[in-house]
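Here the structure comes first, spelled out in structure tokens, and everything after it is commentary.
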Amino acid sequence: MHVSLFAGMAEAAGRRRLDVAWQEGTVADLRAALARQCPAVVPLLGRSAIAVDGRYAADTAAVSAGADVAVIPPVSGG
Amino acid sequence: MHVSLFAGMAEAAGRRRLDVAWQEGTVADLRAALARQCPAVVPLLGRSAIAVDGRYAADTAAVSAGADVAVIPPVSGG
Amino acid sequence: MTAVRCGLVHDPIDTAAVLADVGRAGAGANVLFLGTTRGLTGDVVTRGLEYEAHEPLAEARMRGLAEEAVKTFGLTACAVVHRLGSVPVGEASVAVATSAPHRREAFAGAEWLMERIKRAVPIWKCEEAEDGSRTWVHPDAEPGP
Amino acid sequence: MTAVRCGLVHDPIDTAAVLADVGRAGAGANVLFLGTTRGLTGDVVTRGLEYEAHEPLAEARMRGLAEEAVKTFGLTACAVVHRLGSVPVGEASVAVATSAPHRREAFAGAEWLMERIKRAVPIWKCEEAEDGSRTWVHPDAEPGP
């Protein structure tokens, strides 16, 4: 599964996309998988929301293998 | 002395300027003189300020014969 | 550059110029307010508005209010332009622009200025109704000095 | 005409068009807010800003907020444009325009929208300092859904 990264998350990971081996699980499981795969993102990941298929998702929400997932760190537009 | 009228005051008087015979007196005296000379302005005059030489003047202020006087009815700009 | 620009005009207001007037490198927030002639107020049709002013007094009051707004709200810059004569529906009779380092001050300054301009600057509006009748507007509140 | 126009752009914002977008015969009050890149914050020099977004989510959030503003403040119309990519000093990164029959609603709606856009739309700013160093800005507050 592809996970899109932005701004300081992309900078921390050194890339704009992480490819995560994924069958199924919750958003919380996905956070754990991202942290294992790329420890550099951990500090900011803890302060980030997760968007699944274009909507913010709670940690208890299910994430299917084909989902479109993005990590949304604290915003600073305007 | 010339007294400038604007907006609804000018409309009530049918002119944009009243010429008032004037030697000296206060703003209150001037209001009385305007009311005598042009009774049609009385209702709005009571709700108007008087500007003398480009500044709002209290009813007790003196008005010299050469002063530049204007009647300032309630405003509605913007 | 001076912090305050004020003026009365007899032609359409160049609103982009009013906004550009307040642009500064240190000001990240810029607010432009335009008061435009409403063609409809509820169901009532207005054909147009006409404005007149005691011009020297109005300019002095506008400048005084703009300077007070700069001081009170910590504005970086501020500009006020009022149009006189006939103002067709949809066109601006007044433009107020403010700039400040942050948005709260820019918004608060612009809103305060509009409030004061409507109450304390010797400018008068004449409404032309659908049937062609014309009425000068003199609200009940006293014109405070 | 629809009451709401939202968009992300990668070039300079046409601020006059954003303002024109909200002009309506029934709206006597028009407010335009521009957030511009500050070259100076106190004594600190900024060379420029760069913005990026989760574009589909950002557009959806901007539209949702604009529709909420129209409903909450009784706006006649509302437009929001955010620029992405590099935004040089003095240029606008964001433009919000509102119109309403009267000014209070237009001001309140624009201010509320800017507040919400800064907190709830997935757009991020990178500051380039005088020495060329670049820093993505991620405030401590959580990004609320």
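Here the chain labels run A, B, C and D in written order, and each chain numbers its own residues starting at 1.
The rule is short, and it goes like this: contacts are C-beta pairs under 8 Å (C-beta built on N, C-alpha and C of every residue); 3 or more make two chains touch, one makes a residue touch a chain.
Computed from a predicted model, the values in this text were never measured in an experiment.
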Path length in the contact graph (subunit A to subunit C, fewest steps): 2
At what distance in angstrom does the C-alpha mean of subunit D lie from that of subunit A? 26
If you average the CA atoms of subunit B and of subunit D, how many Å lie between those two points? 49
Scan subunit D for residues touching two or more other chains and write them down. 35, 114
Could you check subunit A for residues that touch two or more other chains and list them? none
Show me, using the given definition of touch, all chain pairs that touch one another. A-D, B-C, C-D
Within their complex, state which residues of subunit D touch subunit A. 35, 51-54, 56-58, 60, 82, 93-94, 114, 117-126, 136-143, 145
Along subunit D, where are the residues that touch subunit C in the complex? 15-16, 19, 23, 25-41, 89-90, 92, 101, 103-104, 106-107, 110-111, 114
Given the complex with subunit D, which residues does subunit A contribute to the contact? 4, 6-8, 11, 44, 47-49, 51, 54, 56, 70, 72-78
